[in-house]
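Labels A, B, C and D are assigned to the chains in the order they are written; within every chain, residues are numbered from 1.
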Amino acid sequence: MDLASLRHRVSAAIDPEMRVQPGLSPFNRLVVTGIIGLIVIAVLETEIHVIRHYGWLMEALKIGLFLFFAAEYALRLWVAPLNPKYTSLWRFVRTPAALLDLVVLVTFVTPFLGLEASVFRLLQLTRILRLARLGRYSRALNLLFDAFRSRGTELLLSAMLALGLMLGAATLLYLVEREAQPEGFGSIPRAMWWAVETLTTVGYGDVVPITPLGRFLSAITALCGIGIIALPTGVLAGAFSDAIRRAREDRLHEHPHGRE
Amino acid sequence: MDLASLRHRVSAAIDPEMRVQPGLSPFNRLVVTGIIGLIVIAVLETEIHVIRHYGWLMEALKIGLFLFFAAEYALRLWVAPLNPKYTSLWRFVRTPAALLDLVVLVTFVTPFLGLEASVFRLLQLTRILRLARLGRYSRALNLLFDAFRSRGTELLLSAMLALGLMLGAATLLYLVEREAQPEGFGSIPRAMWWAVETLTTVGYGDVVPITPLGRFLSAITALCGIGIIALPTGVLAGAFSDAIRRAREDRLHEHPHGRE
Amino acid sequence: MDLASLRHRVSAAIDPEMRVQPGLSPFNRLVVTGIIGLIVIAVLETEIHVIRHYGWLMEALKIGLFLFFAAEYALRLWVAPLNPKYTSLWRFVRTPAALLDLVVLVTFVTPFLGLEASVFRLLQLTRILRLARLGRYSRALNLLFDAFRSRGTELLLSAMLALGLMLGAATLLYLVEREAQPEGFGSIPRAMWWAVETLTTVGYGDVVPITPLGRFLSAITALCGIGIIALPTGVLAGAFSDAIRRAREDRLHEHPHGRE
Amino acid sequence: MDLASLRHRVSAAIDPEMRVQPGLSPFNRLVVTGIIGLIVIAVLETEIHVIRHYGWLMEALKIGLFLFFAAEYALRLWVAPLNPKYTSLWRFVRTPAALLDLVVLVTFVTPFLGLEASVFRLLQLTRILRLARLGRYSRALNLLFDAFRSRGTELLLSAMLALGLMLGAATLLYLVEREAQPEGFGSIPRAMWWAVETLTTVGYGDVVPITPLGRFLSAITALCGIGIIALPTGVLAGAFSDAIRRAREDRLHEHPHGRE
């Protein structure tokens, strides 16, 4: 096998857009595994207890991952000109995706960055998303995005309604509770913290109304919170129901005599 | 251009009902931006930390917004008689919307109102709603309101069921926990506070049963809380699914040969 | 007008089953209002602060409500034999509904019952339900009950799944946290309290895992809690969607040329 | 009646696969009741207060249940060869289900296991699931599993989205709050605990942001939590709606002239 044909085979294995078969290549599945490893390490090495007990393991894994991703980046540089989208090496290097990968590689060799390097490495999550869009999740991703897009205005309106309700509830509780609890309800932005907690039904309990009128208004706010959850859920449920039915009808239209 | 034609053009720019094209005019988009600014300032100026550091900025922005809205109000007075709905200036001034705008303008020049002025200014939120109803959100708003109206009785029944369940749970916990915790469960209204927290799954945790029987009943109440969320969500999801299907069928009916 | 025809008119006004027109009679709407008043007083009079300030008002309202409901009961005794369902006075008196109403009347004249009398009076809530079933809510109530009944097995299965998950999560956390927190996780029933709080997303926060493994398992439990909410909601949404579609198709079947 | 025909009748009563009629046999309903009793006892006997007061009752019930399940196991050994799936006794004994039942029997006679024996007995829950699959819940179980399987990729994607959001929120809060609260936000894994609590809307309140920027980001995270609940709920609702409609169409196809 000569070098040119090897280069073409490497291109098909590395660049999802140069692959003929559907789904991710075995090499790119390895890349996804590597990114997940990278992210797990980036998350764990911010924890002092992990560093104290498994610091040497973390360092060894990071060196291994750095070598793997450096080699992978070099190979991508080599085969990039084969993809008609880039044509030249320089065009590939300038793409945001390639720049991000370069930044991540650089964070490995800049110890002065300290823990902040972990945060940069988390940006590799976006690369998983990019690969997923090309792999077997593409159809499901399209269904989800279609449902969101087709009901975008209704979902935006639900969010605006939620914001308006939040502002109204915060203002009322500010008027009612500001004297009893200046720390928690002494201004509308402070009362907003309580309103978000209540309307989303999170309810940490760090700020809670104590006056009878405040509790009465809070109860009504909590009940409205059910609507704030029910409204977008109902809109999305209707959108998915519609998207699934349309997909079935399209298939029946193409194969009218077969049954799904 | 003479004054009469200028007045007509101003009317079309300011009064959404006098505009021929769909959507909001550029001027009314500026008004919406101004109202959002007004509300953000009204919210922030209740917070003492903001006033201390950015008080001068707040005052400058308020003067700017006052001049803008005063000029806008004057222009609306000038062009109101052109709208056949009002015919006379006096009829326009008496509409609730115009009265509210006047009140908001007055709050800017009455320093003795203090922070309460901010609360009045929040009423401008309703004007955003009025403008949204005329703008590009009108169709989505209609869909949401239609879904609510078509299943209004079912949603009301869900709310009544929730209230009944709340009352029942509060009464049981009052009977079981009143001796162990007179502060939190010493009366049915007090136990209602716990019941709302639990059935809406907010769960602040400021009032929690401590007796084994109380905890058992509380667990059952929390599980019922799932039904309280699932019932209206399911009703709304069915209503949206139906509304979306009807909208599609109407379109197919009008254009039977085209596909959506 | 002679006595017999008066008795028939009273019967039509009091007994919803003897009424020709649909909906509740004006008299029964008054009864519903009276029951709501009864319940509000029963709830409020358990609160010592209310009794201290408005005790005389409560007593006056209770006397008024007692006289009203005593008169109403007497009238119902008078007209009961006209309803073919009862034929004799004794048969009417023995119905559970009439017995309950008698018990509520008796609680008014037995001061030795104390606050427990309030709890008995709350049982009148069931009478509102009975009247609602005959009034204009009957159609919506039927839709809700149909949706529940048609998917009863699926909802029961969801509940069993939730119980199984709860038991599994409680057992795991009991094994992991019992040494660190014997008070909160020292036995499976105690850990169940935490499991209910977490799976229903109530989250009071009175019992929270503190070991790293306990927190990891708790995080997974909380994520499963989303499924516990999503499953019955999805089942109900599908059931409502189906019920609404069937109702429309039935109407189209009856009036094939009209549009809904 | 001779022994061979008795053996066949016992086989039909004990082995759900050898039963001709649909549903569970009366004997297997008794077995289900016995398993529920076993689990309730396993749960209760971990609680010291129960053991102290009802220890003798627990012991008596355990002896009774042990005798019942030992006899049942012996009968199943006797009739197993009649089922063509096993043919020989040894093949039946080696099935995971029979091994698990044996383990549970052994835990009754090994007092050195202590409380851990209860945990083993909880594994009998899986046997209820196995029997339910054969009983009248089989159709509903199939509907639930079908809905999950048909939308498996979308549900997996929702979970991945939730994980990504969780990681993103935890990283941001770690950067913002680590100095103010090193105990709760000092590393990304610690901040993950807060992120799970917030995105699932559990909200224990043991770790809560205190800086203004942390609270602002937390509010946005809580609002995203609504989406994390709405997305899988909407997907499942659409899947159930579709499954119910398909089931109806299949029935109409088979009986085209009858109405459901």
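By our rule, contacts are C-beta pairs under 8 Å (C-beta built on N, C-alpha and C of every residue); 3 or more make two chains touch, one makes a residue touch a chain.
Being a predicted model, the structure only gives us computed values, none of them experimental.
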Superposing rotation of subunit A relative to subunit D, computed on C-alpha atoms, to nearest 5°: 90
Most remote chain, CA-based centroid, reference being subunit C: A
Whole-Å separation of chain centres (CA-atom averages), subunit B against subunit C: 30
Averaged-CA centre spacing for the pair subunit C and subunit A, given as whole angstrom: 42
Per-residue overlap in subunit C, given as positions that touch at least 2 other chains: 192, 197, 201-205, 229, 233-235, 237, 239, 241-242, 245
Subunit D-touching residues of subunit C, taken from the complex the two chains share: 153-154, 156-158, 160, 164, 167-168, 171, 174-175, 186-190, 192, 197-198, 201-205, 208, 215, 218-219, 222-223, 225-227, 229-231, 233-235, 237-239, 241-242, 245
Residue numbers on subunit A that touch subunit C, as the complex places them: 201-205, 233-234, 237, 241
Subunit A-touching residues of subunit B, taken from the complex the two chains share: 39, 42-44, 46-48, 50, 118-119, 122, 125, 129, 132, 136-137, 139-141, 143-144, 147, 159, 162, 192-193, 196-197, 200-206, 228-229, 232-233, 235-237, 239-241, 243-245, 248
